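Okay, here's the structure, questions in a sec.
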Amino acid sequence: QTAPAEIRIGHPYAGSGPYASISMPVYLGLKLWVDRTNEAGGAFVKPFNKKIPLKLIAYDDQSSTATAATLVNQLITQDHVDMLVSDSGSVLTSVAVPIARDHKQLLFNPTGTGAAFFTKDNPYVVLLADPASTVWPKYISELLGNSAKTAGIKRVALLYATNDFTGTQASTIRNYIKAHADTGLELVYDQGVPTATSNYTVLINNVAATNPDAVVALGYVGNDIAFLRNLQDSGQKFPFLFMIYPGVEKEELLKNVGATGMEGVFTYAMSTEIEYKPNFGMTAAEYKKAWHDTYPDGKYEFGFNAIAGYTVGLVLERTLATTESLDQLALRAAVQGLSGKLTTLDGPFEVDAETGAQLGEITPVGQLRAGGKMEAVWPLDLANGKPTFGKK
Amino acid sequence: MADSLFSAAGIEAGYGRVQVLWGAGLDVGVGESVVLLGPNGAGKTTLLKVLIGLMPAWSGTLSFAGKPITGLRTDKRVRLGLSYMSELGVFPGLSIEENLHIGGQFVSKATLRVRMDELYSAFPDLAARKSALAGSLSGGQRKMCGIAKALAAGPRLLIMDEPSAGLSPLFVFQVIEILGRFRSTGLSLLIAEQNVAFLDLADRVFTLENGRIGFEGTVAALHQDDALHRAYFGLG
Amino acid sequence: MSPDAKLLHVEKLEKRFGGFRALDGVSFDLLPGEVLGLVGPNGSGKTTCINVISGLYGGDGGQVVFEGARIDGTAMHKLARLGINRTFQSPKPFLSLTVRENVEISARYGHAGGAAIDLDGLLASLELDAHAHRAAEDLNSAQQKTLDLARALATAPRLLLVDELAAGLNPAELDRMAIRLRTLADRGMAMLVVEHLMGFIDKVTDRVVVLNAGREIFGGTLAQATQDPDVIRVFLGGSHGG
Amino acid sequence: MHRVFNDLGLAVLVVVAMAVAPSIYSNQLLLFNFVMFLSLAQGLNVIYGFTGYLPFGYVGFFGAGAYGFALAVMHLGFGPPGAMAVGAAAAVVLALILTPLFRLSGAYFAIANLAAAQAVYEVVANPALEDVTKGPYGVSLSGVFAPNASYAAAVAILAFTLLLVVWLRNSQFGLSLRAIKEDPISAAMAGVSVVRGRTIAWLLSALIAGLVGGSFAWEVSVFYPETAFSPQFSIFAVVFALFGGTATLTGPLLGVFILYGVYNWIGISVPQYFQLIYGTLIVALVLFLPNGLVSLLTRRGIRVP
Amino acid sequence: MLIGALLSGLVFGLYFTLVGLGLNLVFGVMRIVNLAHGDFLMLGAFAAYWMFALFGLHPLYAALAVLVVFVVLGLPIYYLIVPRLQMARDAEMLSIILFFGLSQMIEAVTSIAFGTTERSIPGRVLGTGPVTILGQRLPSAWVFGAAVSAIAVACVYLYLYRTRLGSLTRAVMVSRDEALATGIDVHRVSALAFGIGIALAGIAGVFAPFMLGSVTPALGPEINVAAFAVIVVGTLGNPLGTVLGGIIYGVGLMLMQTYFSSWANILPNLLLIAVLLFRPEGLLGRATRRA
């Protein structure tokens, strides 16, 4: 078998519409990796025992699932890509899952964490840069349980945006609290709000009225910015506040909310904060510099999604380097082979052998300090600081 | 004959590719009242729309007070002292009072106030319902409002399209009487009508047939022509 | 007048718009083949009366009885099929359809029974045959009114409500229209004719009802009406004109 | 008489072309989307072209069809044909509930219909109904996934839709709808039951969207409420139908083939400026062809199927 | 909780009055549905953002600048698009599509120029700490936004009901044909109304980063839905109606957030449908006759 002239990587992304803000950084991260790899002569492909240049075929689906679906089909049936990377987020990934499966094409899924995609009978999907939604809140749940015992954080208010991503995390946390009632944990407020919610003043008032010790507010970037700004404006304080994006897209949040508004907030301590010791690819600091060198105008913020795009590239690179052939199932086997061995700037990589869901890359809980600094506070083995609680 | 105030010559116009007017022309003198008679579909409405500028003339010339106005927009013609009362005649969604204000848009506030008092006393029905929407009025009441609105502009020449259509006999007399009153203040009138009662107002008559001017002359001359008399006054 | 001989019986009809009483207890009867003129000053409620009888507006009081059955509250299209039809003060044809299609629709959907209508003959009798295949929007307003009439006649109504059909017609056309309506009445079609031209009313109607401010102020022949001081004061204004 | 045959001929041609297309071109999903938009644009034509009511929330029926399909599969264990019927029924029931909207006209109707579609979406996507609809978490129907069969179903729906439009264009009923569109009061006085006529057109139009939604659910099998209720479906159906020219058979078909063709072509060839080019194209088309593509012919008195 | 919800509903609703006002004006005068309204608002927000980021310009000055620039911008856009559009048979419906296209263009250009990240202006710019009214704490930026809205509404009201041009504008709203026949320069009146309409959107946009937390180029469509609800619940062409619509919307939203939070977004839709069905002419509208 002769080596192909290039390895074709297909990827739909959202250049506009509601998902553009999460999708563009992933696309640009992936593109950065492709460009860097090609500068170095391409990626090493084991079956041909040589470096082969990469070709990224990326289409804009404009945040439309119908368009995303046809583009995925286009990539498979017309462009005959060797590796197919889906768009970011669960909604735009969803349509690609059955199509890829139907065409027996492995879907490299960056951040589509919806639990429904991963079933035992479908070997054609694998989740790369995020743990599945049900796995993600593991540590924050534990931290809540621990704080109940050690710091009297018992009354929990849960406020979440009603979409797959945050809704699933909310239900994991809810289940944990119910199962650990013996620690004294108690849900005093549990409400979903539409994801399009952009003002939280009244909601914050209502949450405060239940006199909670801890508030867990789960939303997308826009929700979190609005929540934190409204919280700051209202002068309200909660002893314990957990949110997703202050850690996930810290730079963007800092620009919009300011460091003071985020001080003391618990959040996921992403790879942007935790210096994982990658055994492959750039470190977070190196990558951050590379990002700002490549995209200097600040149109696309450096953050977790930017890392996710690059991480996908690293996984693809390792997969090519270890696969037996370019056959799709062989690729899947190769990805599986990386499980537990690969550590990137995004943390340890670990895939559920049966479903393809990501089990690694679980993010510790961090807490923001003055000036926007973050300390990991849970689990203890990853912690470089101790959780502190505000006054009621 | 008085000095010419308004004249149109050789007007050709139509809708799409259908030509309706074939070289029609007429003139109105200062202080003169002219009635335009014509069977249905002769093109009276079309001619009036060309005169006021709501439709372009394909060819022909228009002049007002000695100035050419052929290509001028409607609003400019209104400023010069032309005023037009369409078949609809009013803004249905505005009150009677507001309609009169709009009619008098180019008139100074003080003048308008005086004129509106005059109009209200001429049209007591309107005075009684100043703030009613014109759209809730009956057909005839609307016509009254339309006339009042057109007069509010204080025009030198008032062009009207069938002002009597749908008016009860009493109102027809009232309208004729009111127009007569304004005519005596120097207003010129150009009225397209079917109702020959309006000939009482007319100094001169034009007839329009198939887009061309047929007869032009005084009312007396019209009466003398047997064929025309039959056509425009009927048998009964 | 025996009750069953009446085609239409209108009793104490009321209609309010907000606080305003457009009809304030109007009553009259109509026999088959009879032509009743409904006259009165502008705004006296004539059109409203037709609107209520033809089902466009629901009444606020009183009743309308047609051929012995109450019809107030019945939908317009059902009234059309029962044999009641009308024209509109400002014509409302189906503008983008041809003249012929306009009448075809009402013959097909609104036919009130009896022999099928000869549509071409109908159009010819109304001088619309030359325009049969032109869109209704190409007609002038008087022709559109005539088309309204053609559409109403295509349903073979037993009661025809005519709202200011003559407005805008020249005297010669008026005469022809009057003769047409008279012929229809002589064949048994009852009519309620609203009109301001007294000459036309005189030629067409058997009887008139004069409305003022939503109330009847007179009922009888036109000749009597022209002598009535109230009618003269509010409606005719000194002379009986037309 | 040969008017009908012209119309029928065109309908058959399109259906046959779409039926054989997958054997020539392998991006079947793209073809599926073409078939889907052909039906949606014609379904919209049924209500807008023939009665003048523009359902800007047309996707509501599409989504109802998709979710009707999904619920029947998940909760009733129906096979795809039965589930399609449930989807169609869901759309028709929704249309029945929305009939009072006909009291509105023009933009009011369009906006109210848009709001209605949003409201249905909010209900379906609400976590309170997780047990029924799976709320915001989306449905997965991988058990029935069968792209060839769902493609065939979509073509069948297209055939049904086109026949329906042919019938409307050549029947008395269709003529009465146009009368209602011109002037409902006059139509009533001509004996046409305005409510009945409009309602039938409305239900048929919803039925088509419901069926298409069902076939879409079957085709994609994994989707979220955002997917099934994406405003893009309404907007595209409207844009395609109007661009081609409504109240004809040809117009919406041309609209889909040309505009959706161009859409995909731009998307694949110049993805960076996709949205900009497509937006500009729409603006230009409306300005230069305000009465639709077929008006180029009808203006010259040529009858278009 | 109830009073808090009512009060912030009122304040938030006043802001949404401003959001809907321009759309109302444009629809009323031109009978076109400006589906790009939300995008003009978004442009206003980006303008304010950049003026602040580059020059530290206070949003109030930004609002004034936006007012001038947008009115001036509106005139060419009007003359390029609207007269042609109005020659179409069903211009009202066609406008929906045309402005959808325009909205796509605006979003695309903005995304290309500024990227897709969230942008905002620090809240302290409009005053620090909450304002206490009736014992309820409200973000001072909100109070600021509401005040500007109230002023804008008052100006539009004065314009329409107290100036000559304004009454001509209302005449055009009622009947374009009659306006032409009366000698009103319909295009001038309409172009100005269009400019004012998008300028109002732009001014609302200046405060959007405060009222909505942050903005991205994709903000437009969401805003449109809310704006439609507000203007339909009020009455088309009636600025006072828009105030009523905005307040009902704001209060309704906050009450829903308090008592049925996950259903909050269904409210504007239901409100809109309900009002249209029971009072098609809007809450303050007056009906006209049918025949």
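Should a chain be cited, it is by its letter among A, B, C, D and E, assigned in written order, with residues numbered from 1 in that chain.
Keep this in mind: a residue touches a chain if its C-beta (ideal position, glycine included) is under 8 Å from a C-beta of that chain, and two chains touch if they have at least 3 such contacts.
Because the structure is predicted, anything quoted here is derived from the model rather than measured.
Visitor: Using direct touches as single steps, what is the fewest number of steps from chain A over to chain C?
Guide: Step count on the best path from chain A to chain C: 2.
Visitor: Determine the set of chains touching chain B that also touch chain D.
Guide: Shared contacts of chain B and chain D: C, E.
Visitor: Comparing centres built from CA atoms, which chain ends up most distant from chain C?
Guide: Computed centres place A farthest from chain C.
Visitor: Does A-E or B-C have more contacting C-beta pairs?
Guide: Result of the comparison of A-E and B-C: A-E.
Visitor: Could you pull out the chain whose C-alpha mean position is farthest off from that of chain B?
Guide: The chain farthest from chain B, judged by C-alpha centres, is A.
Visitor: Can you check how far apart chain D and chain E are, centre to centre, with Cα atoms defining each centre and the answer in Å?
Guide: 31
Visitor: Taking each chain's centre as the mean of its CA atoms, how far is chain B from chain E in angstrom?
Guide: Distance between chain centres, rounded to whole Å: 42 Å.
Visitor: Please report how many Å separate the Cα centroid of chain C from that of chain E, as a whole number.
Guide: For chain C versus chain E, the centre distance works out to 48 Å.
Visitor: From the C-alpha centre of chain C to that of chain D, how far is it in Å?
Guide: 43
Visitor: Going by the touch rule set out above, which residues of chain D reach two or more other chains?
Guide: 122, 126-127, 185, 272, 274-275
Visitor: Which chain B residues touch at least two other chains?
Guide: 136
Visitor: Chain C: which residues touch two or more other chains?
Guide: Residues 47, 56, 88-90, 92.
Visitor: Taking the touch rule as given, give the residues of chain A at its contact with chain D in the complex, in rising order.
Guide: So the residues of chain A in touch with chain D come to 15-16, 58-62, 64-67, 69-74, 77-78, 90-91, 94-95, 97-99, 101-102, 114, 116-117, 119, 121-122, 162-164, 167-168, 192, 194-195.
Visitor: State the interface residues of chain A toward chain E in the complex, per the touch definition above.
Guide: 15-18, 20-21, 24, 63, 162, 191-194, 196-199, 201-203, 205-206, 209, 221-223, 225-227, 229-230, 232-236, 252, 255-256, 258, 297-301
Visitor: Quick one: in the complex, what on chain E touches chain B?
Guide: Those in contact with chain B are residues 164, 167-168, 170-171, 173-175, 177-185, 286, 288-289.
Visitor: Which positions of chain B touch chain C when the two form their complex?
Guide: Residues 18, 37-41, 45, 87, 125, 136-141, 143-144, 162, 165-174, 194, 196-197, 230-236.
Visitor: For a test of understanding, state which residues of chain C touch chain B in their complex under the given definition.
Guide: Against chain B, the touching part of chain C is residues 17, 39-44, 47, 89-90, 138, 140-143, 164, 167-175, 196, 198-199, 203, 234-242.
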